[in-house]
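Look for chain A in each of the two complexes below; its partner is chain B in the first and chain C in the second.
So, the complex of A and B:
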């Protein structure tokens, strides 16, 4: 009976992705209930970073493309959110977020099509140029985009049924986490379907993939657009949580730190994107503390985070080329085989089969780095 | 393997027909008016010295190279200018020189990609993880397992190609091509790197792909080609210099001179300054 249920569960992508979303959702509700408003704000930051990183990690890990322009897609999402949320449109949070996603898809498609014609450094350069060029648009139309100060966003209002005293920060964390869970749901489903397999096939061999009937350019543009939509959602959430969409919120170095976060977290793995998001939230604080304790000049301390990212990136590449999640996998596997060898061979086989069936799909499938 | 009667020319329906194809790369004429036909159930070998234009001919058929002139048709319909990604849905599968497997995909996934022309679930279904998408995946998996079973690769379905011996990788590549249930199977050097026993297995396999499947193969392994193919086309300097059943072609004086004889007169060729190298 239970084995039958397990079989149904394992055979259904929908049930598995819903289970992940459900468990993560419950955990987040419990956590956001028990921590301070400052921590809730950090959770919200982490959640919107996660959206962007998850999209980028699938793009880089599964489809093998790189983008230095995710910050620009965040800006698209952020500004669209601000425009839709404020009067005269005056949409509430979730419709405005959908609008942010739609806008980033609309811009993601042509950029993705162009990107699908480029490889390696050319792709990196072109997406970087996009990240540099797009914010200039905001400067061109200061009346519409609010110039240097950007657009002010109203704080999201928690629905009345949550009670009158429901903390703003907690509601912000909920909104951002809801967005992150949608991203988890969609990306998990995609990467466990023929779509994800097609991306990885194109990544590994374009000629062989097209001989198998895959349109290489189309697959790459699709992956790019989906990662752009995740970045757009992240940007919309950023605007909702920080209550502003301004050029300063989407600097060029944001795109670079996003890429660093993805690589350090572990390329191609959604769990790695969680690590990356945590890093992006905490690293600036740590570097500020370090800068404070050494009483560095503001010039140095402002640029310290990006320098630290570079440093961590280099160290991570040397020590843990498959990122934090890669390290976690090694530890988990080590622990797993230790338990198995203690249990003896008889029970070991099914355990291996089970962990083999669930684990690799979760993280490793998108990675080429099997031992 | 028995050889057949010389065939009738194709009447247009069924099979592949290549007519007067010309391809040049800059100054090099890779194909100069090549005409080749393959009919269903036939195994055609394309042979010729290095640089003769064999791979180029494959690339023209697959749409990777556009011919300057000439026409191609498949099953009576024009094939000229067809995008390579459409071939699978037209029932044309090709293995690449070497192995050409997807290194980051398991053996099973590799072959599932080959079967993907039978995929029905589209993006929105996959995005929402709906049961239709799962059912589709199960169908692809079953097809892939059948193809892998045919090649005796059931035991390695969860392995990555890079961890397997070369001969097994080549079988997986063939399984991937077969998984699309082709009506034209194009094999570029399928025998490369195989030992005698593996060669005879491969020969049996090619003989068993079915009476409705046309096979076109390029290889340098002469004994293998002669034993497997129903007919041989010999290319030299981008021209067809012989076309007929293997034993006849093997005796053709022009072929002996251009290709088969090369082994016999290799020493002479080397002594006379390697005219072949200048060509290749």
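So, the complex of A and C:
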């Protein structure tokens, strides 16, 4: 009976993804119920970072493209959310978030089509110019976008059936986590379907992929647009949680920080995006604590997180391009082979952790460092 | 009409600076096939060093020389320590590496010198030339800037075309295996290329600092615009980089003058996208159909 059930889950990507979402949802409800409102706010931050990182990691890992413009797509989502949520339109949270996703898809399609014609450093430079150029619109039309101060967003109101004393922060965490779970569901199914296989085929050999009948440019544009929509959702959630959409919330540094997040988590891995999101939320706190305990100057403590992001990128490229999730995989496989060898079957496959680390990582796990 | 002349003159002097940054990017691209996204941060560090020297010694010339020297050293160190390991890796690794360097250098500069932009002295007067009754938007310092950039561009051309070192560097970049067989120290040539590029960038930093002020993030737009200029000229071609820089300087000066300075980054983006869509190898590139 149980083996039959396991077989069904192995066979159906949809059921597996639903199970992951369900379990994660229950865990998040339990966790948000038991922690303080400050922790709930941190969970909300982590959830919107996760949305963006998941989109970026699938883009870099599965289709082999890079985007330094995710911060700009977050700005598109954030500003759209703020506009739809505010008085003339006055939509509630979830319709406004859908609007944010729709807007980032609308912007993402032309950018994605342009990006599909560019490779490597050209793509990186063009998306970098996008990240710097787009927020300038907020300065150009201050009446519409609120200029430097940006747009103020009303705090999301919890529905009445949750009770009158339901905390704002807890509701924000729920909203953000709901967005993150939608992203998990969509991306998990996409990457484990024909779409994901087409992306990986395009990543590994464009000519071979087009010989097999794949439209290379179209696949890359699709991957780019989907990652843009994830960033738009993340930006909308950012606006909902922080209650402001301003140019200062989406600086160039944000796009580079996001890159650090996906690299440390492990390019191409959705689980790695969780690690990356946790890093982006907790690192500024840790470095502030460290700076406080060593009584470093404000210049140093203010810049310490950024320095760590930079170091993470450099060190990861020098010694450990597969990130945290790559390490987890190595440990998992090491444990697996240890169990097998205890059963007496392991002598045939003497895999050590070191050789696992240098092995090309399996197709499904999508490592962009070896495209 | 006066405004148009002013904007044209202003475009030429800013274009000279973009040309210098584009030259630095092109030098590195030619030698190692890497776009150095850390260039803006590297020239920011050397400009801070120049500022410290000028403040303590009171000599602009000494500060300028120290900036160039520290650029040479910084470029060589960066190439040896950080770039060498990713040179033969997939292009994405090099992109991430240089962005990591950018992030780290910006943070370090913020730690040492703070994030508040400070003023930086100019070599010559910042008061425009007087023609008849009007002050032109072109200053003796702008003349200095343009002349220095021209001198450096000519010097680089002479170095690459007329000297043995330049020949060896071109050989190392063009056909590393063959060059190595013929006794060229390819690794050393790449280091020299990075050092020269960083010195070129350091010069651009000192020249532009009086007009943008000096802070850890002051030079981000210049790097983006320099990249656009380099792509405009074809990443492979030093003369293209210079022409691309001046063309872009003029275009952005008109945009800034007639439509407002807020649109400058957006205009640079639009120009970049148009160029990449119509002619991805750049307007002046000799190589055709190189897969990037």
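We adopt the following convention: the second predicted complex is superposed on the first by the 330 of 371 C-alpha atoms of A that agree within 3 Å, B and C clash if a C-alpha of one lies under 4 Å from a C-alpha of the other, contacts with A are read in each partner's own complex, and residues count from 1 in each chain.
Here, a contact is a pair of C-beta atoms (placed from the backbone, for glycine too) under 8 Å apart; a residue touches a chain by one contact, two chains touch by 3 or more.
It should be emphasised that the depicted structure is a prediction, and the values quoted were computed from it without experimental measurement.
Enquirer: Do chain B and chain C fit side by side on chain A in the superposed arrangement, or is it a clash?
Expert: Fit: chain B and chain C sit side by side once superposed on chain A.
Enquirer: Put down the vertex angle at chain A formed with chain B and chain C, C-alpha centres only, nearest 10°.
Expert: With chain A as the vertex, chain B and chain C sit 80 degrees apart.
Enquirer: Who contacts more of chain A, chain B or chain C?
Expert: Touching more of chain A: C.
Enquirer: Thinking of the overlay built on chain A, is A:106 touched by chain B (first), by chain C (second), by both, or by neither?
Expert: After superposing on A, A:106 lies clear of both chain B and chain C.
Enquirer: If we overlay the two complexes on their shared chain A, which of chain B and chain C does A:263 touch? Say first, second, both or neither.
Expert: The answer is second: A:263 touches chain C but not chain B.
Enquirer: Thinking of the overlay built on chain A, is A:24 touched by chain B (first), by chain C (second), by both, or by neither?
Expert: After superposition on chain A, A:24 lies in contact with neither partner.
Enquirer: Between chain B (first) and chain C (second), which does A:86 come into contact with in this model arrangement: first, second, both, or neither?
Expert: Neither: A:86 stays clear of chain B and chain C.
Enquirer: If we overlay the two complexes on their shared chain A, which of chain B and chain C does A:216 touch? Say first, second, both or neither.
Expert: The answer is first: A:216 touches chain B but not chain C.
Enquirer: Given the touch rule stated above, what does A:168 touch, chain B (first), chain C (second), both, or neither?
Expert: neither
Enquirer: Identify the partner contact of A:307: answer first if only chain B is touched, second if only chain C is, both if each is, neither if none is.
Expert: Second partner only.
Enquirer: Between chain B and chain C, what is the tightest CA to CA spacing in Å in the combined model?
Expert: 11 Å.
Enquirer: Can you pull the chain A residues that chain B and chain C both touch?
Expert: 368, 370
Enquirer: Hey, which residues of chain A end up touching chain C in the complex?
Expert: Against chain C, chain A makes touches at 60, 64, 66, 68, 114, 117-122, 124-126, 128-130, 132-134, 136-137, 139-140, 252-253, 256, 259-260, 263, 299-300, 302-304, 306-307, 309-314, 316-318, 321, 368-371.
Enquirer: For chain B, which residues count as touching chain A in their complex?
Expert: 62, 64, 83-89, 93-94, 96, 100-105, 109-110, 112-114, 116-117, 119, 121, 123, 126-131, 133-134, 136-138, 140, 158, 160, 176, 180
Enquirer: Quick check: in the complex, which residue numbers of chain A touch chain B?
Expert: 11-14, 16-17, 185-186, 188-190, 192-195, 197-198, 200-201, 203-205, 207-216, 222, 356, 367-368, 370
Enquirer: List the residues on chain C that touch chain A in their complex, please.
Expert: Where chain C meets chain A, its residues are 29, 34-35, 37, 82, 85-86, 89-97, 99-108, 110-115, 216-217, 220-221, 224, 227-228, 231, 260, 262-266, 268-270, 272-273, 276-277, 280, 291-292.
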